[in-house]
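Both complexes below contain chain A, partnered by chain B and then by chain C.
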Partner chain A sequence: MANSKLYKGSLNTIILKLLEEQGKMYGYEITQKVKVLTKGELSITEGALYPALHKLEAEGLLDVEVAKVDNRLRKYYKLTEAGEKETVNRLAELEEFIRSMQQLVNPNWSIN
Partner chain B sequence: MTLTHHQIQELYKFTRKHYVEYYDLQAELVDHLANGIEAQWRETPDMLFKEAMVGEFQKFGIGGFEKVVRKRQRAMEWRYLKIVVRFYRTYFKLPQILLTTTLVLILPLILFTLPLAYRYDIILGLFMAIAVAVLIISFKKRKDNDLECVKNGKKWMLKDQIYSYGQYAGVFNLFPIVLNTQFFRSNIPVDANYVILIFATMIVCLLLLSYVTIFVIPKKAEELLAETYPEYKIVSQL
Partner chain C sequence: MAQLTKDQILFIDDYLKRNKVKYWDVRMELLDHVASAIEDELKKSISFEQALQNVHLSFGNKKTSKSLNKSRTAWIINESIYADNSGYKKFIGDKQKALQSNLRKMYGQALITFFKTPLLLVTYILLLYILFKANGHIGGEALLKGLASIVSIGVAIPFCFSLFHFIKYGRSIYLSVLSGLTFGLLYGVSSLLFYLPKGFIFGDDKVFSHGYFVVMCAILVPLLFTQTKVFFSYLSKIKKIQSRLA
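Then we have the complex of A and B:
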């Protein structure tokens, strides 16, 4: 991860956003998708991804589906109705945070 | 190139060797390792299976699977707690609330018949009796439940929690110890109506909680496991 401390607080939001876009994904797929989207700049560690997924699942924000793929079981995660609402909230919070940071470090720049 | 059935079994063994004893987590980690190994083979087709497996495992960091297991355990405890609350709440809704209210109203009548000099001690004794009864019942059921937890050779984290009978509720066993301190003994007016009503409510709530965790939830275990783990039925049929 490029700067793990900066990204750490946003991991759950990243997961929720990806699931919102992709519908359903499995753990390994999420790590690879993030790598591709950020051109290798950000890589989610396995030790952080699964605890985050399991926590979101326990909170009722994610639902799971299991399918047999290539001799093994694959667990897919998808957003629940509560998860969809939470994604909107967390993305709004993240955007607000980015704007505030921007005001602090570079007042002439805008994300819009 | 995809992994063979034998190699998948090797990965299950590998996760068990690295302290992942629950099948629900093993299956997910096995798929993750398998995906990583297959990706490595696409880059380096000659790489040995074991070499690729160790390479993928190292991506989990120095502690290996330890953090994933620990955090999964915590998340599952939270889920179990939500299940307990779900079943417990039914005793505070119609029609069961009638039974709960009746118990809360009858118990003070009994407590008031107790001689004032011993009333506080008997109430503490009741709390203690519930704690001891829970302990004895749990102990008696332990052997059967240990067998139940490893049925089909697979352990499920939630099943383990269910058959541990909400060991976290054990914190309520501290009631008699706390209430036995000089501070509470001197300051609780055990002849007051409201005190007796509070004690009666606490005893009934504790009894119901013990009943829910020891009898109600284990009876619904299969249903709850199928609800929590979509793979539970697939695996049970294997």
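Then we have the complex of A and C:
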């Protein structure tokens, strides 16, 4: 697995971005989606995912929905209106961060 | 994907209960995650028990714990999926912290709103002025009893609502954090004001200090207002979540 410390600060943004794309997702689905998208390079542990989800929910950036699926109840997370706006801001911040890092480690590289 | 049977789901629910996941809303989320992860694990052609053990460990729980025997002469090694629940404890603790931090922000915002709303602010100042002028007209004991009654009602109403919700829906982490913070803060501040500084209330000469009484009201009135406002607004949020489960 890649150095998880490098991803830690971007976890909330990753979650927001995924929810923006998928509409609504449940906890386990998020861990699996990240694994698939990064070809197994990054795996979000349960211990990191849920505190992030609960913090985003408490901040009012995520809303929850519950549905009955396969003999059990499933809690889905989706973006609130404030969450949608925050996703745009955080993605712009992340993009800017990636650009700055690239400038530091490889000055000839361009994101565009 | 292999779908778990109803009995296996009930087994996971019982496993979570035995691992002290006492809040039904936390258990609901954990149960789905554990069940989904087990369904994935079963693709590796392992048993349900082995899959559950793998998921148990993935949450940061351990499968062994040790404790001293009765005579405190030797260690007893306990090895099972019920031996250690530190991962689930952390899961619950993190959620509680997130909810508490959000609630504190709500209290802060409600307090700012209280002092920024002209009608509330004027009423508040007028009330304090009337109480200040009541000096000598109403006895100190009567004033203190009156204030204590108002604070008690302010605590009793949210308490009754919390109790009703607890009986109706069971133990919820949202309600537990909300009740804990509401009663904790109200009880803490009013106890501090009523009981600790006896010397302030009755002074060295055992005479009721009216100035201190007005200070008590100046602190308790906005506190009661914001606590009650936040309590009911948060309670309606909890009700919304619960209504989605119906």
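Observations
FYI, the second predicted complex is superposed on the first by the 111 of 112 C-alpha atoms of A that agree within 3 Å, B and C clash if a C-alpha of one lies under 4 Å from a C-alpha of the other, contacts with A are read in each partner's own complex, and residues count from 1 in each chain.
We take it that a residue touches a chain if its C-beta (ideal position, glycine included) is under 8 Å from a C-beta of that chain, and two chains touch if they have at least 3 such contacts.
Quick caveat, the model's predicted, so the values are computed rather than measured.
In this overlay on chain A, chain B clashes with chain C.
Once the two complexes are overlaid on the shared chain, A:Arg74 sits against chain B and chain C alike.
Once the two complexes are overlaid on the shared chain, A:Tyr50 sits against chain B and chain C alike.
Comparing the two interfaces of chain A, the one with chain B and the one with chain C have residues 26-29, 32, 45-47, 50-51, 54-55, 57-59, 64-66, 69-75 in common. Of all residues in chain B, those touching chain A in their complex are 2-5, 8, 27-32, 34-36, 39, 59-61, 63, 67-68, 71-72, 75-76, 78-79, 82, 229-231, 234-235.
Partner chain C is touched in their complex by these residues of chain A: 26-29, 32, 45-47, 50-51, 54-55, 57-60, 64-66, 69-75. On the side of chain C, the complex with chain A involves touching residues 3-6, 9, 28-29, 31-33, 35-37, 40, 58-60, 87, 90-91, 94-95, 98-99, 101-102, 241, 244-245. Interface of chain A with chain B (complex): residues 26-29, 32, 45-47, 50-51, 54-55, 57-59, 64-66, 68-75.
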